[in-house]
Every structure is written in C-alpha cells, then in structure tokens.
Amino acid sequence: MKKISIVLGIFIMLVLSNVSYAANVLQVKGSDTLINMVQKLAEEYMKANPDKLVSVTGGGSGTGIAALINKKCDIANASRLMKGKEIELATSRQASPVRIVLALDSLSIIVNPGNGIESLTVDQVGKIYKGEIKNWKEVGGNDMPISLYGRQSNSGTYDFMIEDVMKGDYSPSMKQMNGNAQIVEGIKADPSAVGYVGVGYARNAQGIKVLKIANKAGATAYSPLDTANVKNGNYPITRPLNQYVEGSLTGAAKDFVAFELSAEGQRIVEEEGFFEISQEYQDFNKNAGM
Amino acid sequence: MSRFKEKFIRNLFLINGLVVIFILGGIFLLLILNALPTFKDVSWKEFLVGTSWNPSSDYHPAYGIVSMVVSTFMVTIGSLVIAVPVGIGTAAYLSDVAHPKVREIAKPVVEILAGIPSVVIGFLGIVMVGPFIAKMTGTYSGLNALNGSVLLAIMALPTIVSLSEDALANVPKSFQEASLALGASHWQTLLKVKLQAASSGIIAACMLGMGRAIGETMTVLMATGNAPAFPSGFLNSVRPMTSTIAIELGEVPYYTTHYHALFAIGLVLFLITFIVNLIADIALNRYEKKIR
Amino acid sequence: MKRKSVKFFEQFLGFGFLRLCMLLIILILVIIFYDIVSKSWGVITWEFLTQPPRNGMTEGGILPAIVGTIFVTIITAIFSIPLGMGCAIYLNEYAKKSHLTRLIRISIRNLSGVPSIVYGLFGVALFVEALHFGTCLLSAGLTLGLMTLPWTITASEEALKGVPLSYREGSLALGATQWQSIKTNVLPYAIPGMLTGTILGLARAAGETAPILFTGAAFALPGLPKSLFDQFMAMPYHLYIMSTQHHAITKVRPIAYGTALVLVGVVFLMNLSAILLRYYLRKARQE
C-alpha cells in the first residue's frame, strides 16, 4: 500500500511539475462591480488574441487591492480609490500600482417594486444606511421597518458608500451580502428592503425598482439609468471604476488595458450597462501612461 | 543486524506517531504567533468585551468579538435544540426498536446524510430552507440565525446519531436482561436503564455534535445573512466567528493588525473547540468505565 | 408496578416518538435529494461534465472544477495516507499504554474537532506564507491532508484492531520479528479496512471548501492547472461562488444545482466504492 502511494506520488509530481503555467496568465482580481464587465472584456480580448490568457476573479475591491499588495495579481479591479495606508503598504512591499480609469458607474439605490417610494435625497440614503432613519414612513413610504442590504468590508462599493454618501459607519444590522447579485436577490424577495448596486446590475435586473436620487431636498431627482444626466454630472452618486496595474504599464498588462480603453472595449463597457469614460478621465489615463 | 533494523523501523513509526502531537501543537503555536501581534494595537479588553467588530473602518476601528461569539453560540444551541432530541431518538430507535435488517439499511442511510458537503447544505439553505422559513415565520428574508440553526442541526445529527447508537448498543446485555426479568417493558428499560448506562457516551456524542456546529463555516457563511450586529433574536441575521474569518481573510493585506486579529479569532475558536472536545473525551472515558 | 396495559401504551407512544425521529431524518434526506435532483435534471449532460465554462460562467460545463477537485484530492491522499497509516500502526502495534500514547490520542481527537476554517488559517500562515508555496494545489492539498489525517488514523486503527491478536502471536511464536509479523500477518488483513476508512476521509476532503478558500482555489481560470504551484478550480468553491457571488445569480442557478449534484454524486460514489471495496476484499480473503 505504501509502495503504491509512493509510486503514484512520484508519477503525479512528474506529470504536474512541468513548466509553471501561472507565469503566462494575466491575473486580474477584485471588484464585484467590475467583474462582469472585465470578464466580458477578457473573453473578447482572448478571442482576438488567441495566444493571450487572462484570468478574472472577484472577491471585492479590497480583495483585489490586497492581492496586488501581496503580489498575487497583476491588475486589481477597484470600484473605489486605494486608501492612504494601502498605498503606503504597497510601497513598503515594493509594489507600485498605477491607476487607470476604465468606466463610469452611477451607483443605484434599489428597492422592492412593492415599495411606494420613487425617490430619495443623498442625505436620506446616508441616514438610512447609518441606521438613523429606521422606517419607510419617515421618508414618505409605508409603515414598514427598513431592511438594509449591503456589501461586506472587502467591497469597494461598501467603502464608497461610507466615504461619499454616509460619511459615517453602517448600521450593524445591515445584512452583508457577498456580491451585487445577492443584494438583487434579497431585494426581490423582501418588500421592506433597500440595497445599493452598480448600475450594470440595476439596468438589466428584473423584479426590482431603481430609485431616482436628488442632490438635496427640493432638487430634481435623477435616475442612474439616464445616460445624459449621468454624463453631465446631474446624478449625484457617480464614481470612476478603476484598475490598479502593478508596476509601470508595460507588457501584457498594458496590452490588455489598451484593449479595454479602445473604442471596442468601451463599447463592451456600455453593453454591460456602465458608461464609457469621459474626456477628463481619458486625459487622466494618458497621463498615467496609456 | 535484524535487531537494529527492527529498532529503526520501530522508531520510524514512533516518529510518525509523534508527528500528530507536533501538528496539533504546531497549529496552536502558529495561531498564537500570528494572533499576538494584534495586541500591539488593540487592547485585550476591547477584543474580549467589545461588541463592535469593524477593523477596516476609517471612523471607529473596532475589534470586539462579543457579538460574533454570541452569534456562534446562538446558532449552535439552536441547532442542538433540534439535533439532540431527534438524534438521541433516532439512535434509540436504531438500537432498540428497529429490526436488525432495518438497522442494516438505516445506519448507512444516516451516514449518507453525514457525507453531504457543507457547501451543499449552505446552498440549500439559500435556495430552499431560507425561503421556507421566511414564509413560515412571515418575515421577508430567510437568511437568519434560525436558518443557520436548522442547517447546523442537519449537519450535527449524523454525528449524534452514530455515536449515541454506538453507546446504546454497547451497554452490556445483562443490564437489559435484568430489567426485563424484573417485569419492565422495553420502553421502560430503554428509558430508565439503557439511557442511564449510556449517558456519558451520549453526552460525548452531543458534545462532538456541538463541536461540529461551532466549527462549521460554509453553511453559516451562506445562510445566516452576515449582519455583524449583536444578535437580538433568531429571526435576525447573524455573523458567527467562522463566517467573519472566511469573509475577511480574503481581503486583508497580510501582516496588518486586521490580519493578525483574524488569527486571534481563529485562536478563540480553536480554544473553544478544544474545550468542547476535552469534555467529550472525559465523558467518553467515564462511559467506558461504567460499562466495564 | 404499573398495569400491563399502561406499560404497553407508554411503550406505544414512546417507540412511536422514536420512529418519528428516524422518519424525520429520512424525510430530510429525501427532501434534499429531491430538490437537488429535480432542479438540476436538465443540466447534467455529457457536455456539462466535459466542457469548461463559457460566457462568464453562464454556459458550458464544469470540467476544470471536477479536474481540480480530483487533483487536490490526490495530493491530500498522498500526504495523509502514509502518515495516517504509519501513526495507526504505531498506536496499535508498537505503543504501550503511557502518557505519551494518551497524549497522542488526545491530539488526534482534538485535531478532528478543529474547525475547517482554522485549518484554512493554518494553511495560509504555513504553506502559503511561511514556506512561500503561494496559493496553489500544493498548499491546498497539504492543508486538506492535515485535515484528513485524524480520520485516516482513526479508520486505520479500527482496521488494525479488527485483526485478531492470535494472528500476531502465531507469527511471533514462529520466530518472526515484530515488523515481519505486522507486514505479513496483520497488514494484509487490515488493508481493506484501512482503504475503506481512507477513501471515506478523502470523500469528505473532496467536499470541503473552507480549507481551500484561501490556499489555492480560484473561480475563473482560463485553463487546467499544469503544475503543483498553479491555482485550481474546485467544485465546492465553484458552487459557493455560483450561488453567492456570481453576477447573474438567477441565470446560473441551474448550473449551481448541477454542480451540487455532481459534487454530491462524486462524494457518494467514493463512499460507495469504499464500502464495496471492503466487502469484496473481505470476501476474497475468506476464500
């Protein structure tokens, strides 16, 4: 028995320990908001370039950035910016991430179709998620306690909400879902629910209602699905979707990013429900080296 | 020559046996080594007594484990409430009521339940059990502690059934025969004689089932809603210790305070299951002494 | 003393409750299998089992996950079988009752109770980081191997205990050394039991997710792993991501069900083959 396992072991190792495969694959990790889009981009890229290999996995912006810092991936998809301490950590590990902007996202606040509410202000959204507003009737809806759905701390969207909308911490009773899709699933089944997802997920989802958001009380509320008002900045919760690339933009990574930023790539971005980058970000990318 | 070879082989096996101790010790050591650096930045008091866990917050970083420990015990005890009666009942059925042929088939059937991977049980929690619970209790989301308890009960049942059945089956026949000879019915014998005699073994079985529930990761990760708040009821979403580690280990830059804090949680988990197993061990010893 | 009729009524109720308990377990099993099989029926095709996923995992099959699970289970086996059997042989054949032996047994029992995520933490700290293997088949396989070890030891010990003392004594009386006795008179009879227990342990390892979560499992890889140091896809991890993190959860739900069925099927087949193996080897030995 032992002899068999030793022989089997040697055999397996001979078979498996060939040239390491990993070196030839471009590893892209991170944001759940971006993953759908970047996977599609990768598929099209690999179709057009059969000798190139790209692997795209999720886990949240935090996971991607941590992987970049831990030197376990080439590109980190991030729906937020790297934090100061993350950049410090990266530099102390001899990693030097370069940021490029891939697409625009209008973060969408979604509720169950049975919910009477049509719009909210940014301030109200913040208070709801901080747990300061606890019942729908406080914002003009039915008398129902608000059931909060959000992401986990590995999510860039989770952080983006804190920084830009809430400016404070989440209510601890928020259900922390594993990804955008799980939030959508939750909202569909729960009449008292509210959630936040990237616009790519809100646009194509059925069984949910996308709220219009107003900058402040009394101002016009705009929908995140409204291309014109997103691009001209009227929709108040917009953010760039980023990729952090390890090292200077060279080689395989640069080639892939170039494809993403090309007309073809940006067309795919819009197909997936997000928005192509504005002129401002195109200039930003050029400065970064693209 | 042969004697030297014999000694050599014997020592080889001895080392093999010692390896096990080293592995257990190694896990403990590695956990401690990776957990201790937490306490350069976090006070022991906050860790052990704080109810808020939010290490990555820019506003109020918090490293308190109370909420997640309570969550763990909530789903565990909830699962035992279901699994212990049903488990012991089934074990008693198998050892005292079933025809031998029925037992031949039923025992493997229970083993099949044990073989279902935890991720599949968690999956069913999301797609079937959760929505069912939501409907039954009139709430909207089935991702809560009750869901977790039901699923963990399913996972702990085979352990409890198997070991309790073993304990009951190994009660010396003489105990049973004496009771019956005195005029007691099978049921009375079972209740008053066999269960008493096997009690330590059954306690060991329940302890091991409890250990299984405490340490279960995927099931609770997928099915309990993951709200880090201090739980206020079974219909609330909770986040036990195992889920917290599983969620955050993937996104933490290595060797930061947060990273070390996750190992600290792991250490607490390790110690809790260690104690539970120790109790089971002691109970089992007592059982073996009783039967002899 | 109670009247006979009261006693029998009590027994009727009491045993009735016990029967209900058994029925509950059977009901649970039936519901589980019915749900999985009915919702994945159309999905399991030859293509599903032999093709890689396409179109962002929304079409195609799960071949890389099946292969990945097989690969990591093989590594688990290579690591845990020799170590486990060796430890069992020591405990049952060589060790005398002492504090050391007691300590070893306590260690084994405790190792079997350690939560799977703690093994995962250990795997990250030791194999991924300290030994610099990184996240790969090797790290994950070794982590799973450690987890399976207590199981293999216990099962092997049971098998060894099942061999009557007389087998050993007979051989020793004829002048054989201890190792010779073990090799010729004990091991051949214990092997069926050892193999069975081992395969059952491996079946459990194949279904585990937490230990491989951070030591090597990945979701979307463009190809099969070609070396021990590559990441790999695995069925339990695939099911987890498909049902919680995928960007089109409802669309891929049938695929998730299909993965669940294949996973349960593989585990079930492994269990079945272990039991059949023991049955046939025992039969063969008797002839």
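Letters A, B and C mark the chains as written, and numbering starts fresh at 1 in each.
The definition used in the following text is that contacts are C-beta pairs under 8 Å (C-beta built on N, C-alpha and C of every residue); 3 or more make two chains touch, one makes a residue touch a chain.
Keep in mind that this is a model prediction, so the values were computed, not measured.
Summarising the inter-chain layout, the chain whose CA centre lies farthest from the centre of chain B is A. Of the two chain pairs examined here, B-C and A-C, the one linked by more C-beta pairs in contact is B-C.
The geometric centre of chain A is 36 Å away from that of chain C, both derived from CA atoms.
Between the Cα centres of chain B and chain C there is a gap of 17 Å.
Shared interface positions of chain C, defined as residues touching 2 or more other chains, are 244. Each of residues 250, 254 in chain B touches at least two other chains.
Residue numbers of chain A whose C-beta contacts span two or more other chains: 59, 177-178.
The touching residues of chain B, when paired with chain A in their complex, are 52, 54-60, 67, 131, 134, 140-141, 143, 225-230, 236-237, 239, 247-248, 250-254, 256. Chain B makes touch with chain C in their complex at residues 2, 5-6, 9-10, 12-14, 16-21, 23-27, 30-31, 33-34, 85-87, 89-90, 92-94, 96-98, 106, 108-113, 115-120, 122-124, 126-128, 154, 157, 161, 183-188, 190-191, 208, 211-212, 214-218, 222, 242, 245-246, 249-250, 254, 262-263, 266, 269-270, 273-274, 276-278, 280-281.
Contact residues on chain C toward chain A in their complex (touch as defined above): 55-57, 71, 74-75, 77-78, 81-82, 85, 134-135, 137, 187, 191, 194-195, 218-223, 225-231, 241, 244-250. Interface residues of chain A facing chain C in the complex, by the touch rule stated above, are 1-2, 5-6, 8-9, 12-13, 16-22, 25, 32, 35-36, 39-40, 43, 46, 53-59, 72, 177-182, 184-185, 201. Only residues 59-60, 62-63, 65-66, 69-70, 83, 86, 89, 147, 152-154, 162-163, 168-169, 171-178, 186, 189-193 of chain A touch chain B when the two sit together in their complex.
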